[in-house]
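Just below sit the structures, each encoded as structure tokens.
What follows is a pair of complexes built around subunit A, which joins subunit B in one and subunit C in the other.
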Partner chain A sequence: MEFTRRETLALGAGAALMTVLPFRANAAVDDLINEFTGGAAVADGGLELTAPEIAENGNTVPIAVSAEGATAIMVLAAGNPTPPVATFKFGKLAAAQEASTRIRLAGTQDVVAIAQLADGSFARASKTVKVTIGGCGG
Partner chain B sequence: MASGVKPRVKVPKKAAVGEAITIKTLISHKMESGQRKDKSGNIIPRSIINRFTCDFNGENVIDVTLEPAISTNPYLEFQATVPSEGEFKFTWYDDDGSVYDAAKKIAIG
Partner chain C sequence: MAATALYGSSGFGNWARLAAQQSLTQDQLLQFDTFGNVSLIHVTDIHAQLMPIYFREPSVNIGVGGNKGAVPHVTGADFRKLYGVNDGSPSHYALSSGDFEALARGYGKVGGLDRVATVVNSIRADRPDAILLDGGDTWHGSYTCHHTEGQDMVNVMNGLKPDAMTFHWEFTLGSERVQEIVEGLPFAALGQNIFDAEWDEPALDLFPPYKFFERGGVKVAVIGQAFPYMPIANPRWMFPEYSFGIRDENMQAMVDEVRSKGAECVVVLSHNGFDVDKKMAGRVKGIDVILSGHTHDALPEPVVVEDTIIVASGSNGKFVSRVDLDIRDGRMMGYRHKLIPIFSDVITPDADMTALINEQRAPYLDQLTEVIGHTDSTLYRRGNFNGSWDDLICDALISEREADIAMSPGVRWGPSLLPGDAITREDIWNVTSMSYGEAYRSEMTGEFIKVILEDVADNIFNPDPYYQQGGDMVRVGGLGYRIDINKPQGERVTDMTLLKTGEAIDPAKNYVVAGWASVNEGTEGPQIWDVVESHIRKQGTVTVDPNNSVQVVGA
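Then we have the complex of A and B:
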């Protein structure tokens, strides 16, 4: 398989774009995480995020978050045009710090959850969801 | 806004003192994300439910901030402790300022 100069350039430009785009999406997510944590360090573990591996319909993807003793959990969809999904704040009478809902995903992407634990530290969990048909309309 | 908004809540009728119960809520709402365009290419303005709260006898159980990435007819499931007999109050806040509410009594037994 041989490439002409023009094809090689096009490929190169495409590859460059591919690397720039996810980076930009991640920057928005990082900003949101910083806003939520106030710049504190985020550790792994202590938070469970349940999401399907493959979602056929991006319009309703069932997800669940659970973190024992958490005061708040924020969910982000890194690849959506607007990454925030929901923030759950648990009150005194919450029997378990867990909640489930249905979300929209624009395409295959990582779903990220950040929890503020009882001792004030933060935990993070993420999961890649493959989306067959995106859920943001056209 | 949004016509025909109807909240639905599922709470057990009875519980033991201190028991953890699962509450399921659903409200019919189109949750227009503000990303979609109509046939002539104009953006359809955002119209969503942006907040949901659940309280039991005035004490907070959960307070959720909803964003446009929540699906049509937002569904929420969570756990609550029942310290005594009383009433769960559910409130949904719409972008246009409307507030929808529902209440369910629970008995001890």
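Then we have the complex of A and C:
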């Protein structure tokens, strides 16, 4: 386990606010997706989302998205108070339609990506990223 | 006190030697009809155990999700029934729990790297170009390893001449020390999932993903897989330059790469843990053999997942696996496997290796062999929820640190002692030594204690092995609880009770909690081995009563 006296006091104070349940998808997520797709159907496949299963540091989680021929890819952290992370737009001259960045996650939640593909259709990928207190391993 | 007195202290030494020798011979243990054209030798999770030890296998090892009731989550009599192992046989003692004390007195100690050397040499006599692979957790876990920052193990393992290695606890020596050792290693340090944390790119300079070996006319590629969750399970601040993770998409890319470079046989030297290896074998195509480490399981047969065999070789120097492969036309046509138990009284030590081990221990012998107390109980660690060593450590924390509740990390390493044994300083260090052993003491609310238990419980009982962080359940002293392992995180732990009053834990109330092995930088407190030593000294002879304070539901 892992608590200094000082940090435990800080953690203890935060514990009242901290839920032990995985963060629920923010209701705004569906609205954001609808806004991005204009209400069009979203299929699985055609979009790759790479993210760790368990974050080494919830404050800076490396993620990457890639969808061949996509014109735009939106990334949402479904459980964050403010879910939008980024929307990457790819011009006609882009050699590859992929992007990577680091995001902050408030707790265990799904990271969701929606891509607009070359033919105008939409694809979705999501992955649960766990944010844990850690320790005890071995 | 002489080193021999330490190990003869149960008073059964000679009898144990005779009993073991009557039922077993070295030839029987080493018997193997050489097969195919490639031989692999696997050792893993030695945890710096140079000398023979006792090691009790777990009686509680619960599988969840798709692994419920599947090996290695089968223990005791169920395990023996599954594999057709006779009660009271050498295999019973080596592989399963039950009658541990009686069998230990009969069959004696296990392990000792001088015995391991004899086995490795014997395999090399059959197959001179056998590939020896070390799955990691090698440079951690003893008094001498701590004081030499892993140098004792490096020296001794170099004597065994491995061909490659991967890593976990090694990194808790700190990245600078790891880099220093790895730069001088006469064999490959592999890890396809060892990345530079800043750039999220492979840390290729010191840790290449794979290495090719040309053996028996076959091109064999060995890919390393370090423990994926090191920066979470262990202190990230000790190796901030590195990032890990499972990264099975990169594993697939590496398998494809070595195949395209002509690999006819692909071996993954893994520190994933068994269930993660099983899942990986189902997702990554083209791996022939996974040599599995981390979860300390010892299985008498490989587990086959599609076209991949997974070999589990135990821990603490107790076993060596030999895997012979028939590789033809770029395919694995067949295999022959033996998990060789290292019965210390049966296998003759290799004299050169004994001398090398003694050389490492000589400067510390007085410290190692000092008797601190005795035990009336079997002291062991393995088990999902508790072990008597951790019960004793929690008792020490509560009493020495004046705490209501104690927490001890759910690590899997640490040998066992038998009733009547002396407890030496070496024995205490074998179950406590680490580079972040400070014993903290702090106040936590009942609610926060529950948050911790729920968090750790999900790290062992999440139904998806990729979301299991790697350890057993945190062990607690002074606290009872009920756990329903099939519930989601946040709902597993109920009925938390402060044992000293019998009262329910009040979420709003503060409790004094003592523990050790914090992953936070700047943790303050005495070293855990000093806390435990002081406690045992006061007790003289320790007795650990059976621990019934955790009620498990849904196993």
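In this section, the second predicted complex is superposed on the first by the 106 of 138 C-alpha atoms of A that agree within 3 Å, B and C clash if a C-alpha of one lies under 4 Å from a C-alpha of the other, contacts with A are read in each partner's own complex, and residues count from 1 in each chain.
In this section, a residue touches a chain if its C-beta (ideal position, glycine included) is under 8 Å from a C-beta of that chain, and two chains touch if they have at least 3 such contacts.
Being a predicted model, the structure only gives us computed values, none of them experimental.
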Which superposed partner A:Asn59 touches (first subunit B, second subunit C, both, neither): first
Give one of first, second, both or neither to describe whether A:Ala86 is in contact with subunit B, with subunit C, with both, or with none. first
Go through the superposed model and pick first if A:Ala94 touches only subunit B, second if only subunit C, both, or neither. first
Tell me which partner A:Ala77 touches in the superposition: subunit B (first), subunit C (second), both or neither. first
Interface residues of subunit A shared between complexes with subunit B and subunit C: 100, 135-138
Per the contact definition, I'd like the list of subunit C residues that touch subunit A in the complex. 137, 168-169, 197, 200, 227, 229-236, 243-246, 249, 407, 409-413, 440-445, 447-448, 450-452, 454-456, 458-459, 462, 464, 466-467, 469-472, 474, 488-490, 510, 513, 515-520, 522-524
Which residues of subunit A touch subunit C in their complex? 1-9, 11-12, 15-16, 18-22, 50, 52-57, 62, 100, 108, 128, 130, 132-138
As the complex stands, subunit A meets subunit B at residues 59-61, 64, 77, 80-96, 98-105, 135-138
Under the definition above, what is the set of subunit B residues touching subunit A in their complex? 20-21, 33, 35-37, 55-56, 59-72, 74-81, 83
